[in-house]
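Going by the order they are written in, the chains are A, B, C and D; count residues from 1 in each one.
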């Protein structure tokens, strides 16, 4: 099971396992805490290898965290869903050692498209780190 | 020197060295090929640890590559520049083993703000992978 | 007073009057219903002159409605605030005669920047029309 | 014929006429100068009724101009194309009496999706006003 946390998912176990097998998330220390229909939540501790040249959390790491919950939430319906756009507003930078929490929520779902809002905050004090809007194209292909 | 490539930068060496010391870029295998005033170019090979659950390049890895050249180009003027927003349109997904090339170009520069266009393509065949628009806020703080 | 509706604003009257004097909003039939600190709400009926070639509400009209509440909310602090970016996800198109309602809420406020979420829905049935994230740069210049 | 300018389009005349019949564009004084496959260009003079509360071109007017060329370019293939997202970076504001020129160019075209870059500049001096990335979903429905 990914990242040592017991899944609190309400998905079929094979789908949950498929979505949790996310190599980049593992490489960045992202723990997927929960996947439900149209919803996902994950955490990432800002580590030395996820900093940028200025010594704060790299925007790429923050966006990777956001993209991970976006992917989990949008694929939770069991159909292959491909990101088509992702817009990030950066609100503050995570500092070394801080735990960032990202939550993805479904705003809109049609046969071919779905749109999600992702909020990233610092776990300890609730400070907003980034706000994201993102969309998928939904293929007919079923996932495991 | 970062990533084993000789810098083709036209920046002061101390600034070039500061900008090339990007821990997340190193962790993802991103090589910064060139930094000039308002411009940067980098490469990333899609590796096993930068894939997503579907087995193609993770959107977070592609955005990390884009963010890396955006940061290098925007900080090339020697003033601390902080990302305020970054918009990505995904055009196709990189496959395992493909080399992605990202180029950042300055569209607009004022005292407090600057805007960049970033294009990510596959090196071998020029296929478009992502197109990005992004903005920084420019602080007064000088970089090394 | 603009648009014939009694202001439900909690702003100084001179500031409220200044913000409600929005020529494009008047030209498109946008009624600003309420402006409070960091918040604004407005309505627009989809009319023949705000349609596109396909005969539904023009994306430009929907974005003008969103931009109007974004401007009112961001300038409500009494400092001149200039839009720097605005991202729109279109969720469904307004139809001729439908009333669209837009609400802007402040997500983040610093000395130089602020970020807003704007939601546009159909008044009669709550159908989502568009979701927006947008940012201003805040100048020192005071408004009336 | 729309706006009194002779079409320089390379489209079938019925399609050209359909796309040029854009009520909001007419209401804002937008002249569509040219529509070719995957490309469109239009002009708008900043008039009293397209200003905002600060007395410069309303962001909604600038985005309406951008959306108009985006719609013309994306529908130029003769299939109904619906905007799914539109991202605007504002670079400077148009002033009363200035002529703004917008050009839309196709970056990416697949069976179901297409992505466009739109640049808006001041005609007299080339000053950049806005830069846009936008995407459509392409339906099977043919246009006239």
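Definition applied: a residue touches a chain if its C-beta (ideal position, glycine included) is under 8 Å from a C-beta of that chain, and two chains touch if they have at least 3 such contacts.
The model shown is predicted, which means the values in this text are computed figures rather than measured ones.
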item: Chain of greatest Cα-centre distance to chain B; value: C
item: Selected interface, C-D versus B-D, where C-beta contact pairs are more numerous; value: C-D
item: Averaged-CA centre spacing for the pair chain D and chain C, given as whole angstrom; value: 21
item: Separation of chain B from chain C, taking each centre as the mean of its C-alpha atoms, in whole Å; value: 34
item: Centroid spacing, where centroids are CA-atom means, of chain B and chain D in whole angstrom; value: 30
item: Touching two or more other chains - residues of chain D; value: 84-85, 87, 89, 135
item: For the chain B and chain A complex, residues of the former touching the latter; value: 18-28, 48-54, 58-61, 63-68, 71, 75, 80, 82-90, 93
item: Chain B partner contacts - residues on chain C that touch it in the complex; value: 84-85, 87, 112-113, 135, 137
item: Of chain C, residues touching chain A in the complex; value: 87, 89, 91, 107-108, 115, 117, 128, 131, 133, 135
